[in-house]
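Common to both upcoming complexes is chain A, partnered first by chain B, then by chain C.
Up next, the complex of A and B:
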């Protein structure tokens, strides 16, 4: 009996509590309405494995934007619903990236942002398409990311072809502007899809514009020693040196060039690992001097971009393109959510497809997706000048004047 | 598209890079070759050494001066790791050691990721890009120092194993563990000492490597596979083998890169690895220390 009485008593307590909650909810309807359900968004990047630095930077950029949006009252058209980041790790592997999409789907995400690398993006966009999850691709430049007819995929940044075309266009302008001092080229690229694809395009495009490609050197990841490659560059004496590699290899290569005192007329990277890196500039100011790069970069004229730079640096992080690209991607999604008015995947896809979002920190025009590619996106050419990274082309966004041909570097 | 003029400088570059491989392999050959411990944590411990030297540099300690701190520190780490973790968890079984060291490497790497982040770190020293003109080629000063250091380290280790009581005890334990125990040798202590010395070599390798390379939590993977190849090529437990093996691998990699293309340079290393296993499984300097 006693037992039964106890159980009844507990039930009474629970019932009382439930009743109390119900009564209080009637009593304070305004408070309850303010607690709109959060919107789950998958933030998927390679935060472990070889790409972990870029993945971590990407994640931080996305989180900073989410913090800002939530602090500013969330998604207003959805009653101030907060964005809840579900952090996922692709472990630098496409198969893991795809598996993470499945988990995010189970968790009920409204959209996914990521995953930095092209190889991973090919897998995650396809996995997300199976569940109709809108997938904003932050960087992943390989063109196939948006050429497979996936209606859920929206790439915010420019693709490889657009980047290479712009890089060549800017290079020609710079070279022509200085009286065409450069004619011969050497390309040093890493062996994955990114570097090899770049080398193939450059080999077909540069000769059309009067450049002679002396040699194209492919190297493995990781490469422990660039001395031989530096020796080959020294033997060939190209006017232009075009590296296409990831940060670690870029640093070793730049140091090998400096050691062998190789000074071409320009070191012109395309999506170069180090040339658009404040870290590289800070740690190796001499090796970085006058290096040019055509890459993703922020608009130096936008106050928001500079505020974000300051906030990033306050966290003891370098302001890399992963940070501001992902930051902008979250705002792109927030804009789509505002317009969709509900966290329904199909509605978000429709809102993204018709997006004209322009409150980003990039030197882009208004967002305009054509077959999933943001046609407003464009890379810019930067140069390391006075231990800082300046935009030199296009002139509309320029914060510095190109120094070309490259003067002798000390050190 | 090979320019014959660069053949000799490339071979010399390979030689100096080989010295770096030898440095990493010297500790491994002691642990792997003499005590038969397949130490998967070797790369992770190299990473610990590199971070140690890196942080000392932040406090103004030159990497070469950091040798005085990092060698004893890594010895202590190795000793404690073998004594308190690997030795205990393996329960005397060599197979268990393999799993324990693999587990240790995963733990160490993830701790590094947690504390140091995945960011790549580098240091800049006044001599980092200094070159020495040796007549036929310009050679990087830190690489030349690494070459000299690997020769010295191999000699020191050889002397230690061949001429000291500790070396005799290590050889006795390597040859007949039970017999050594019966002769009054503290086998657990000798295991820990050997592991400690092997790890101390990594401390030296880390200090010599830092001026010319970068540090990240995954840096061990860049070197450890090559180090295993060097040990197999040179002969397990042979310090002169590790040294010659390292230099040979360095030159092979360099020349293969030049002849076959840089991305295929590593093919030579693994062809040597397979050929050694097929035709001379005991390595070039095959006889174990005895």
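Up next, the complex of A and C:
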């Protein structure tokens, strides 16, 4: 039996090279030239663990944008290079998130988008900074994410202080506009960083604007029975009720309020887990009615935002803020790649730092990063009206008029 | 021969960062070493003394918070913070041990009381202002060896290695000490040990203090490594379970069991992630199934398997 040699002889190599040169000189370079290398991008979210719903929604939003960009011809300035998503799971833990960054670094990602939660973002941005990987932070609102001097970190959405300040500003406008019917406040919050941080800020800020805080109630995660807290609210009779909790607790609390027919002048959330959720509105329309929320929300005047909503719903998913925030983050990165013209990490960081990207679906205006924070980012106040979520403030983006004080809800 | 093996292992451990040159795998090894050290700490109490704790997060969290609070609030150098964390962990051990052992809590009652202490501390950390409440504490990012913050993972690796050597060294010394012999006697039959004149209360108290101090040290290292701590991370049941799984998988009451257990436990987790890919949660199911199989077929842990294999080889050599 004879064995065929797989080795290339010198003659073969020369012949091949000559043929290649001939073909290229006869005008088929576009066909035969190797396709532009793909650009690897880390899509890092907590898709398992307690934050899995938000993480999964975030991942879907990013994937939808990548599919669109690739279908439209990829990154033009890089010869139509496609974006290749490397999916990573932080398992709702900061340490796992940091380990995933190391893995993504070794896989050669040009940038990372994620990771939704503040605690995870603190670890992942730091790990990415060690390798000079540009890290676009989608949501993670805690202000420390962008105040540690990490030059690789760019937060697309607004931080906690900006959100709370805007929420209070909008609340004052709404209250003043109705003749100041509300003066007393009760805060019901969950025990972790988000709820506790919010409660602390509100306790220091609201009294400065003439509001009296009657009581602040903290509850554990998870809490399944809110009847005692609802009774407490009934006894104190606050004008305003401010819940700060995650989705499940938010919904259960709202239902307990509805069952006990507790009708304050407003239920006003800030980054409320359920108040800006089509899931909540669809499943519990009565409990959701007239609830207000200052949160991340899309610009209802932008056609792209409504197209994305339709696409998301076609996938049998709810159009949550995680979806459109991550969708916009991918487009922000694509814009930086276009301008950088190469997948070099330092060039992408420079492009992001000078970004004036405005093709997103958010009510932000062009991006402008100052110390890693998008100064153009702002939350809006929404209200559940006619089984839909409407933007009521700022008026420039409004799609509905505030109903305040809220009327009695039946159900 | 064993000493030669240990010396060889140490040389390999010192050289590994220069051989693998991968930050991901270096990070993996740091986690393995950290949990090996804390697994050994658990082993002092659970493996040698037979007092199973389900709440080692009480020590881990206290060490983590002690170093963070002393650094942020009082400017204490984080290297000294390591010592302070060990003292704080040991003190929590002293309190839990005194209350539990004084009233004769054993077995599942002791396990439950440790779990309860960790939970109480979690709630306190969630409420108190000096722990940052539910928001937690952020250690300022100031890279520098003096601040126990390293530019690369190399520095963290050697600190973790030092911690593991210390912890395994404690186990090694314990096996050869009177205290170790007394603890093993308590584990086998506490009443009989007491009848023979062993001060069981004092011995168990010493074990829990040593265990608490070493675990507290682990908590301080965690804080400096990730620069963030909150009540869920510090005192949550996840840490307690991970710490106790390490020696159970590796081999209870053995010096190298926790190291082997930590390597296999975290290695299996990583293997699961690589095998099943991007499907959310599937890797965790695979990981869980692997653990069930290991516990079912290796009741003495991996060290038990090592002994069985070496005995078989000896028998074959003698035959």
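What to note about this one:
Methods note: the second predicted complex is superposed on the first by the 380 of 411 C-alpha atoms of A that agree within 3 Å, B and C clash if a C-alpha of one lies under 4 Å from a C-alpha of the other, contacts with A are read in each partner's own complex, and residues count from 1 in each chain.
We take it that contacts are C-beta pairs under 8 Å (C-beta built on N, C-alpha and C of every residue); 3 or more make two chains touch, one makes a residue touch a chain.
Keep in mind that this is a model prediction, so the values were computed, not measured.
Looking at the shared chain after the overlay, A:56 reaches both chain B and chain C.
In the superposition on chain A, A:219 contacts chain B only, with no contact to chain C.
In the superposed pair of complexes, A:47 makes contact with chain B and with chain C alike. After overlaying the two complexes on the shared chain, residue contacts for A:131 are found with chain C alone; chain B is out of touch.
In the superposed pair of complexes, A:102 makes contact with chain C only, with no contact to chain B.
In the superposed model, A:191 lies in contact with both chain B and chain C.
The contact surfaces that chain B and chain C form on chain A in the two complexes overlap at residues 47-48, 52, 55-56, 191, 218.
Taken in their complex, chain B has these residues touching chain A: 1, 3, 5-6, 9-10, 13, 17, 20, 113, 117-120, 122, 124, 128-129, 131, 138, 140, 212-214, 216-218, 222-223, 253-254, 257-258, 261-266.
Here chain C touches chain A in the complex through residues 22-24, 26-28, 31, 126-127, 133-136, 138, 140-141, 151-153, 226-228, 230-233, 273, 278, 280-281, 283-284, going by the rule given at the top.
Residues 47-50, 52-53, 55-56, 191, 215, 217-220, 222-225, 227-229, 231-232, 234-236, 247-248, 251-252, 255, 258-260, 279, 283-284, 411 of chain A are the ones touching chain B in the complex. In the complex of the two chains, the chain A residues touching chain C come out as 47-48, 52, 55-56, 87, 89, 91, 93-95, 98-99, 102-103, 105-106, 119, 122-123, 126, 130-131, 142, 144, 148-150, 190-197, 200, 218.
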